[in-house]
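Next up, some structures in structure tokens.
Shared between the two complexes below is chain A, which has chain B as its partner in the first and chain C in the second.
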Partner chain A sequence: MIAETKYGTISANFRKYYAVVRINTQNSLAYTWDAVSQGILIAIFILIFARLWKVTFAAQGAEIIGDLTLRQTIWYFVWAEAIQLSKMNASFKMQEEVQDGSLAYTLGRPYNYLLYHFFSGVGEVFVRMASTLAFGMVIAWIEAGTPSFIRWETLPLLLMVTVLALVVDFCMSAMIGLTAFFFEDTMAFRLIYQKLLLVLGGVLLPLDFLPDSVQTVARLLPFNAVIYAPARLFVAWDTSQFLEILAVQGFWIAALGFLLALFFRFGTQRVSINGG
Partner chain B sequence: MQRLNKELRFIGHLIKLGLAGLMEYRASFLMQAVGMFINNGVYLVFWMLFFDRFKDVKGYQLEQIFLLFGFVALGFGIAYTFAGNAGRLAEFIAQGRLDYYLTLPRPVLPHVLFSRMGSFSVGDLTFGLMMYFFVGKFDLLSPILYLVCAVLAAVIFVSFSVITGCLAFYFGNASFVHMQLQNTMITFSLYPIGLFQGTIRLILFTLIPAAFVGAVPVEIVQTRSPELLLGMIGVAIFSVLLMTFVFQVGLRRYESGSALHVNL
Partner chain C sequence: MPIITLQELKKVFRLKQKAPGLRGSFRALLRPEYQTVEAVKGISLEMEQGELLAFIGPNGAGKSTTIKMLTGILYPSSGEASVLGYIPWQQRRELSYHIGSIFGQKPQLWYHLPPIDTFELFAHLYELEPSAFRQRRDFLVEAFSLEELLHVPVRKLSLGQRMRCEVAASLLHRPRILFLDEPTIGLDVVAKQKLREAIKLLHEQEKLTIFLTSHDVGDVEALCRRVIVINHGQVIFDDTTSALKRRFLHKKIISVRFGQPVPEDFSVKNATLLKRGEWGVKIELDTRVRPVDNLIQAIMNYAPVMDINVEDPPMEDVIREIYAVEETIHLKEPVR
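Right after this comes the complex of A and B.
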């Protein structure tokens, strides 16, 4: 018996979304300068952060701050910035589709609108992530030396956590994009979300370095599941922490995914198509 | 002198028109300006959290960071609010959009630069002005020094943007490199200069003059050194001369475009 969904069999769906990922990956490969630009950006960020934390560790006379050594701190930023610079830009694309009305066309196509955006984003992430990691790792290697603390055998599990982080980010980002149904321009929400990721998500500094009260709040929010959690595992693997992160990400994906589906349903009810 | 007055009046007129254009879409303008204001504020939150735990970075404490952000934001804000096309010069050259300006009886470079006002950068400008109140230096000299240095920083911002934009005269589509170099300058200018030594430091004082739009003005306001101020004025004048020279030389290589453009 073949399981059927609204848009066809599971294997047909798999082939369909796989094709979306493949086409978008090829598309991103055509724009190599875009990937290189992200690579240059991460190189500058890693260089600056490396200098900043070298000076800070030296001034403190400390070997370890917030359970991280200097070397771990610098390498933490490689993974954190790679996610930050590579993640999907779903909110902007969705806002544009709502604003210019092209959503009316895409809604009628034989795919799930949200899944289509997610998988087309995945295709772009592959290319950008490869470029940012390559550039970032070279600078981190020069500035901090060999990352002997990284357990490369855990890389598949780390990639899994990173993919789940992208799903959490997609849920929040898509919800922001869909607010265009109600507010037209979503730039303000997008900016606020980006900034929350910078401070409470762990892009600018690991949560371990934040004051205790801010840290407690940051750990309760979903932003740390996007950046901090995978980056922290990258430099300090801990199996029990991995399982904990998996549970937290699972919770946020379920909660935010449910809200996103509701939001999408409610928003599309407001779409009126008038020929043309 | 008469000609200079005439050109300055012309620039004033362009700015007036640009402002009227921004006011046409008031809600959007306000949203963009407020968005940029929030954007800058978050970086400041990062430094506040940082200094809550660590007290000093190469002689910089929170007060110096406020000053540094103030200078960069105000300098950038003045530069790109008034010379709104500075960041798009490479795009203009590559697309042949200088044709429009070349046919008019005005100096091309100032006409291109000032014929559009930036709306996002108004948020930077406001942020830069507000930063000064956090610093709390309210004697007679400090605010004047602050404004003078910010204007000099703005001149350096625009000059750097034009010089890097002129790469398009040689490489065709240089918009990407142009944007990257501008971002690099801003990023480096927002961190204490003491973090960078050797070659990087040399680059930040020469090829990418990030030190002159952030760290040097901070030093001037703190030490009130007339030598440093004179040095910064010299750098600003030199950058304007260099910008004019590079643009004029590049313009000889300019190739007209066949695309139709509408200048509103």
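Right after this comes the complex of A and C.
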């Protein structure tokens, strides 16, 4: 073995993954229209949700449904849809890498494959999130008015929960992508995950609107930690709920992260690169 | 002391089989059948520091699988390998700091960004000191003539320009071994030449060890002193390039376009007329029987020549000939 330079120090790793975030942000800026189209999409979604919930609240003759006012409900969807439309697409990318053999290139580099993909995604999320939030907020402001209930001083903590939400999502999404090591196509798993996020994650409607028994189960599952938890905190900050969410996210990150690492280790031993 | 050692390295893949049609799909679903494919069947070889080795063979011979095991991407089914003292598949990340790799069909440059951005990313990935990176970058920019290309988005570069940037990017961290998998694939003659010259320069200046796989006999002739030919996962030839040329690369295909119609009774001595068109001919020449210059001279004297092209036979023909020799002399060992 050759004389070792000390590689992989904490500061070197920090610079390494920061460079990955930076180049992905630069690359995403080359796809400006992609970010803008996501923004237009969220604008349409918010418009539809706003009209729908206005009718629902009016039909019920209610000021509050499931602890949320109409205005809170509309603003809830801004944060929920911004996460949903901006989150990383790790499952699809990893499946493609396994299928087209480009895994050969990424595996042979001096970084942790999973961290590389996570930080690559972070670079893309920055650009998409900025666009979706900007478009979504404008429409919500027009449709629902000023979000006076939002406590802007809690924004750093909210961002922290949102970042952790992206980590939980990445763990599940990456595991789905890596099933390509064992199955030929991962689309079925991706669709199941997408639907679970829609219903139990709070994309379609806040969990508060679900029956109590479903809510109890949904709050323990990782899906709500991705969308509902940060979006709910955005419109109705509650410190004890924040701490509860942190604990749930922490648990799922530890559990899913451990499983993902195992999955990856086992999967790479089974790599058979197409075209190789 | 060898820096690459392979001992009886094997890789077996299990491939799912499916009969044609919808019925076959259902049957594969209910009763999957697998076929075992031995991609690499016990390869043993050694490589010294500073060697420039061509590892060639037809499609599906096991070249890329071997490279992927040597770079730690694939786990072998059995056998041993050591690269710079590391066991590649167990110490992949440690090894990656000391090797470079180019997979001709898998670009590593960021498509919408200029090459300089990928270079800077690599400087961080390989943990290079900023001053060392700048010095190395400037050297490679000069060696590969990249001054004009460095700030142009990769999507706007030609394939040849892109490939020069790819190779330069792989050399930023001063690897001791460079694995080149089909680096000249799809390049035109001029681009191939430029890339070969740059690789040769780096090899000479830095004693860089190069492990090259290619379909192009020209790459082998221009760059390598040693050639290993594999087919069906086995080494069938391991010797110097000059020995390969002497024994197997003695055929040339010469295509000529004349300035006047070719007469019907056109013939050529000590060579084989493969094809005769209205204005041109294609001739196969065995250079042991008749030298190339002698035939070209005769063609020039025969009639005005508008265009002439001298080509090597395709790799598949060379392999076929090696096999023919192997079978004739019943060798169990690789041909030497």
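Following the convention adopted for this analysis, the second predicted complex is superposed on the first by the 264 of 276 C-alpha atoms of A that agree within 3 Å, B and C clash if a C-alpha of one lies under 4 Å from a C-alpha of the other, contacts with A are read in each partner's own complex, and residues count from 1 in each chain.
The rule is simple: a contact is a pair of C-beta atoms (placed from the backbone, for glycine too) under 8 Å apart; a residue touches a chain by one contact, two chains touch by 3 or more.
Predicted, not measured: the structure shown is a model, and the values here were computed from it.
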- Touching partner for A:155 - first (chain B), second (chain C), both, neither: neither
- Item | chain B versus chain C as contact partner of A:163, first or second or both or neither | neither
- Message: After the superposition on A, what does A:15 contact: first (chain B), second (chain C), both or neither?
- Response: second
- Query: Where does A:269 make contact in the superposed view: on chain B (first), on chain C (second), on both, or on neither?
  - Reply: second
- Considering only the touch criterion stated at the top, classify A:214 as touching first (chain B), second (chain C), both, or neither. first
- Determine, under the contact definition given at the top, whether A:55 touches first (chain B), second (chain C), both, or neither. first
- Message: On the A-aligned overlay, A:185 touches which partner chain: chain B = first, chain C = second, or both, or neither?
- Response: first
- Have a look at where A:64 lands relative to chain B and chain C in the superposition and call it first, second, both or neither. neither
- Note on the structure: Where chain B and chain C land on the same part of chain A: residues none
- Task: Could you please specify the touching residues of chain A with respect to chain C in the complex?
- Result: 1-2, 5, 7-8, 12, 15-16, 18-20, 23, 26-27, 30-31, 101-105, 107-112, 268-269, 271-273, 275-276
- Given the complex, residues on chain C that touch chain A span 13-14, 64-65, 68, 71-75, 84-86, 92-94, 96-98, 101, 103, 105-106, 108, 110, 112-113, 117-118, 120-121, 124-127, 153, 176
- Note on the structure: Contacts from chain A onto chain B in the complex sit at residues 33, 37, 40-41, 44-45, 47-48, 51-52, 55-56, 59-60, 185, 187-188, 191-192, 195, 198-199, 204-205, 209-211, 214
- Within their complex, state which residues of chain B touch chain A. 28, 31-32, 34-35, 38-39, 42-43, 45-46, 49-50, 52-54, 56-58, 176, 179-180, 183-184, 187-188, 191, 194-196, 200
